[in-house]
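Here chain A shows up in two complexes: once beside chain B, once beside chain C.
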Partner chain A sequence: MKGHVFFIAIAMIMLTGCFDRIELEQQSYVIAVGIDKTEEEGQYNYTYQIANPAVGSAAVQSGPNEPPAEIVTVKGSDILGATNTANSFVSKKITLDHTKIIVISEELARSKDFLGIIQSGSRTPQIRRGVELVVSKESASDFINNNQPIMEQRPHKYYQFMLSRAKQTGIIPNATLHRFFQITEGDADLFLGIYATTMQSDQKDNGEQDQYIAGEIPQRGGSPTQFMGSAVFKEGQMIDTLTGEETRFSHILDKTMDMKDFLATMPDPVKPDFRITYDYSQKQSPQIDFTYHKNKPSTIKVEIPFQIEVIAIPSLVDYSQNRKGRQKLRKAIIQRFEEKTSAFIEQSQTQYRSDPFYWSLYARPHFKNIKAYEKADWHKKIYPNAEVSVTYKMDKLEFGKMINDSKINEVRD
Partner chain B sequence: MQNQGFLQTKEIFAIVLMLVAIKAADSTPSLFAQKAQNGFWLIPIVSFVVIFPSFLLMIYLLKRFRDKNLMELIESILGKTIGKLISIIIFLFAFSTLTLDSRNYVEQIKVLYFPESPTIFIFFIFIGVSFFGAKKGIEVIGYTSWIALPIIKISFFTLIWLVLGSMVYERIFPIFGSGLPVILSEGVKKAAIFAELFFLLIAYKAAKEEAMFRKGAVVASIIAFLEIIAFYFIYITVFDYNSVEKIAFPFHDIAQYVQFGQFFTNIETLFMVFWLFAAYLKFIVFLYLIAWMFGTIFHIKNFEPLLLPLAYLVIIAGLLPFNSIYNEFVLRENLLMIMSPFFILLPFMLWFIALWKGELKR
Partner chain C sequence: MRRSRMLKKESPNVSRHLNENVRTMKEQFSYGLNKDFSMRSLTIAFNQKQGRMFYYSSTVNGEQMNLHIIKPLLENEGKDITDIVSVNNIQALTDFETIKEYINSGKAVLFVDHDSQAYGMDIASFEHRNIFKAENENVIKGPQDAFTESLNANISLIRKQLHQSQLINEGIQVGERSKNEVNILYNKDLVNPDILENVRQRIKDINVDTVRNIELLEQYLEERPYSLIPTILYTEKPDKATSYLEDGFIILLMDTSAAALIVPVNFWCFFHTPEDRYLRFLYGNFSRAIRLLCFFLSSLISAIYVAVSNFHSEMIPPDLLLAITASRERVPFPLIFEVIIMEVAFELIREAGVRIPNPLGPTIGIVGALILGQAAVEANIISPIIVIIAAVSGLSSFALSEININFTIRISRFIFIFAAGFFGMLSLVGAFLLFVMYTASIKSFGVPYFSPMSPHFLSPNDTIFRKVIRREWLRPNYLKPKDLVKKRHR
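Then we have the complex of A and B:
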């Protein structure tokens, strides 16, 4: 008898652990959430891309022609509430733990309601701070529906690889929810969201690489989705877009963003009809020297150490062994970078009246408490009036594994 | 009492560290951040500077009076009636701290990991496990703490290591947050975050030699303090001031945020297990200490049977607050503010009286 009572007591204690038990196969994992405006105030369309775990796994034989993901759209007032509505036609419990991206239509991002919606999303522990914010040119549900990756069909891997590679090359920003809240709540600086689209309407062919925003890249074949450039958010509301190149400058100037290296071209300084391709990499974060002046414009001195590896010289000018040519090339590269960066900074000062480089960090040590810092007002007073000077410092100029190009005169002898 | 004089410096060290250092990983930081914004990581420094001399003085008194624990000391200095009264106040403080803290931990577990389970069930399991641990006696507790210590610390430092890349040191500026006066006054008002150090003195005679206890407790309290500072510094450099105010459980938020390379994402459960382990040990120690206090006050030599009713009381009292925010930001804050002056001043008062009575000359 005693044994029975003991057994029951133990079972009662042990089994309380099963309150939150849920089998893996009873859950559907959402990888991407899309949010769109509707005609009604306070109601939004939520699109969930739900991964099919059976596809792409070596262990499980997938059913015949099962798609890699299921996409559903429902109307609701917040991100979690809508999951319950979606359960009227999704068979399993919708779980947001593995969400990789939140897609917002540009229309919604530009409206005032955006901050409220995204705030309510972060209240639940299911949405992680590492989720990335993507702004789509079209509606978010169109974006998710049109996005048909060809090689990497598993949606979670697709987004992970796509975004991490594009970030390494600097054409899209690091746009986690974590960063969004820091910058928006900090009430200084601009937040950059990832800009993407599946519509390739107005393709531009300007010869210069990376001066595109998503949708403008001339492309044949492949997946229709382009991730390029960034959406600029000021105080939680989208105000503009940046091209891939401008996004890259934000990467260069911001020490909190990581960029590996990128390839770019520039006119050949000796034969301007040709273009030189080079690989830019930055091993150290930029040195930013901020001096605060209370009554006159503050000064910001930026020094950026960088390295260049020249990859292609179609003009066949001998730069590698000719000292003068080398110096000319060096000067041309530095000048080009400095000009472009200064122009971009000036644009941000006059047009946005704030910076996408997180430079308010450097202003903070000049204040003793937050009250004084907030009173000095980064957005309105410090940054738009600051005098910014940019210098690039080239640490290395490499020429790849070839010492010299073949002499065209001798070849065509 | 199952005390065979087994505990040595290292076990005492582990117990103190368990009891105090986990403050780095609960919701105390958000309590501070409400007031001091990004200067909040300086508050424990002020608190420690204010309360540590009192703690050392208390240890000195215990050393001089020899062979007495906290409550016996108070009684022998202040006489039976007043001594008992002060002891009961200390017991009530300890009990309230335990109750509010346990509710806080239960809420953390519920909100983050077991959203569907009712609070009362989690509470029963949590305190139930702590009760079984405490029932084993101080020696087993000490030894368990010592064994668990490296695992827990390794997991915590792994988390620090993983989050290092997301830290931006400039975020500690403006250095004083909402202002130096706020930090100083909050530091003094909330000095009682180290009140556990005083509760611990009830176990003064637990170690093999008294010197071992003194050494273990002092060293551990300094290390616990450094650990708290390190974690608070991480919170502010990872989250920045406007966000950290809004985050109720920064430790878990960081655990959710980090990933171990590209393949191992969503690894917070790994850290949660060790955190839970540390939390259990804290409450095991705490429960045992309050039973010990109660036993000393009312001269119950064999106080271990008291653990069960006290544990039950903790659950019942812990369920009373309406929600976790009220529990943390109203009740716990008030309790800290009441306890702080008490623990800062008590040792000095005892010392003066002992000096005046001439008891220290012996």
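Then we have the complex of A and C:
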């Protein structure tokens, strides 16, 4: 009797166990998912970029002509459901565990249906919270197909390096799925998605660095894919794009986003024909003071401590060795930043009527409960009418390794 | 009453007639058939009486016998046998049962005509190895000598380190047919009398024909013979044994084993080596940290690999994931089977390595490298990462050199692998939890297995890490020693 019970117990464990066991080689790992609109209502084209494990592995010699990834597109109504359809021509189980990015065509992102489709991404545990949302100018399937990196051929490596470096320089936002739902469901603020394209169109050659969105950067050679700027989402729907520079300002003003430092240029305050290149870095997060007034505009005071290291002064104006010069440069930099930031904030207040800086976080403590906060209405009342003042505080102005420039008169005699 | 009569019948007393005694002796020891049982006749010089001496020629020291017994008896004058014979231990015996024991334990017995007692003389000399270096418990820094198969030599090795009159060496006979002696060593002023009595009683309760050596004694003493967890510590190093004596533990020795048993023990005893204390504070603790890592690696790494790759592939970084996937594409077996193949292969090498005759030793290395290496990978039997996993788990098991805990880990490793194969991390964590819970429930001679950590006891806290040696001023209180506090160095 005792033996029987034992046997049954073992059999139960054996039979119920292993039910979700799956060998590694029986799965296909999707690195990027693309979603496009179709003519039919409720049907979308899903594009899966599946990594080829044999490429780049030292242990196994792959055929020389094997591509680093297989790209398939199927029609379906949601991300997971479409994977089963795709299995009619993909040999292994399609797994979304290692998905790095979800690419959405701009057309779809601007439509009302977008929120409904991306919703299924939050339902399945397969798609991580950290998956990045990329909005492509062209259709997502074109974007994934045209994206042929030259050096990092394996797609997961390419996206990993590409996105993390672009984020460090601040030209693209931190656009995880988690953040998307957080902001959308918070019903305040704007979500910034990464804007990218493989189509190079109407290149801008206006000299100002980083005032581009993807596709506008003049480029020769290299991979055709450009990640630049961001797609602005309001209430789960894309409404506009921001340039790389504007994305940077959102980085600067948003405590929840992380940016290392970036290089930028500005007109030389003494000789405006030349430009000065500097390295902007921010060691501390900005100070944001929000004061809520019920019947008059609320005030938001932002103080941003930052540091500048001047890298190039092609005009050879001596800013470093005299106090006046330094003062002038300091003023010019601060003024430029303040002007640009104020303009950007004003644009967001009038045009978007909401902010991409996640500032509603600082308004929330002023309300007793969620109802009161929702009634005050960030989108419609608080933010668009708020009085925002931005001050930049320069902690440090450095002039690099060599302080003196070459004396042009002495060199050329 | 009846029993005593029977005893008497079995062991008659020594008679005054020499011939009768000789006949009894010859009968008892199958004289003539038993080739090394010897009888020496002699006429004792001082009283001109006939004497007969019985002994096993293989177990006595012939030279000593000639010089200290036979020669004095033949030549010297004196009053009494005890005055004439110059061996260091001579005992008057009256019953044959004791005489039998004496001869069996290698002594010589002399019968004298018209004397109602016999004389047992200790000239026993059993052959044994010299004292060599410890072969299985290696240390770099510290004493190198090891126990050998001689009780006297072993006790001398311990007394050499501990010059104390409180160090008691008690003997208890075990075995019904062959009476062997178990020696219990302890420090009289420290040892907990309850534990000591418990040990004594357990040895006395052993009711078997023979207990040949300490390795068998260990199995007779332990409480749970089917358990995976050892409860008695086995060591071949006298310095290790002595360090336990100093803390109030009890040491068991036998004449036939080159090792000692230490009781009672806890989990940490199996995890420590004497070198941890010989090395300086940081060095010793570093080596303990490595060993703790090895403990987890050895018992869990294969199981974790199975759990993660079969159930939680999202946990593996994509680069590694793709590399494993690529190499697994050509392997015909499920991953868990692959792991088991390699673990079994490693155990094969290990078992064969222990048994292989010395001249063939190098073969093991060559064959082992084939199985555990590139050849197996190229034959598409296993994927390369398994080689690393098996190697790490095998190598780490060597760091836990204590043979009992070594087996515990090696066997539990397979349990964990199977557990991981059922429900992945969930069942692996469950199995490990059960393992820890079971281990915590074990007691060795009344001492909880994870003490002094859990339950907590006052102690030098010598568990995973140890303190600086001059701050260890307590003895482990889980033993309830008579004297808890050591002399403090300030």
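General remarks:
The rule we apply is simple: the second predicted complex is superposed on the first by the 398 of 413 C-alpha atoms of A that agree within 3 Å, B and C clash if a C-alpha of one lies under 4 Å from a C-alpha of the other, contacts with A are read in each partner's own complex, and residues count from 1 in each chain.
By definition in this document, a residue touches a chain if its C-beta (ideal position, glycine included) is under 8 Å from a C-beta of that chain, and two chains touch if they have at least 3 such contacts.
Nothing here was measured: the structure is a model prediction, and the numbers come from that model.
When the shared chain is aligned, chain B and chain C each come close enough to touch A:97.
In the superposition on chain A, A:340 makes contact with neither chain B nor chain C. Looking at the shared chain after the overlay, A:53 reaches chain C, while chain B stays out of its contact range.
Legend: residue contacts after superposition of the two complexes on their common chain; A:271 is shown touching neither chain B nor chain C. Contacts of A:330 after superposition: neither chain B nor chain C is touched. Of the two partner chains, chain C is the only one that A:25 touches; chain B does not reach it. By the touch criterion defined above, A:164 reaches chain B but does not reach chain C. Taken together, the two structures place residues 13, 17, 20, 97-98, 128 of chain A in contact with chain B in one case and with chain C in the other. By the touch criterion given at the top, residues 309-311, 313-314, 318-319, 321-331, 334-335, 377, 383-384, 421-424, 427 of chain C touch chain A in their complex. Touching chain A in their complex are the following residues of chain B: 37-39, 111-118, 121, 124-125, 128, 166, 168, 170-171, 173-180, 239-243, 246, 252-253, 256-257, 259, 262, 265-266. Only residues 13, 16-17, 19-20, 97-98, 125, 128-130, 160, 164, 178, 181-182, 185-187, 255-256, 361-362, 364-365, 367-373 of chain A touch chain B when the two sit together in their complex.
Remark: chain A residues 13-14, 17-18, 20-25, 27, 29, 31, 51, 53-54, 56-60, 62, 95, 97-98, 126, 128, 154, 156-157 touch chain C in the complex.
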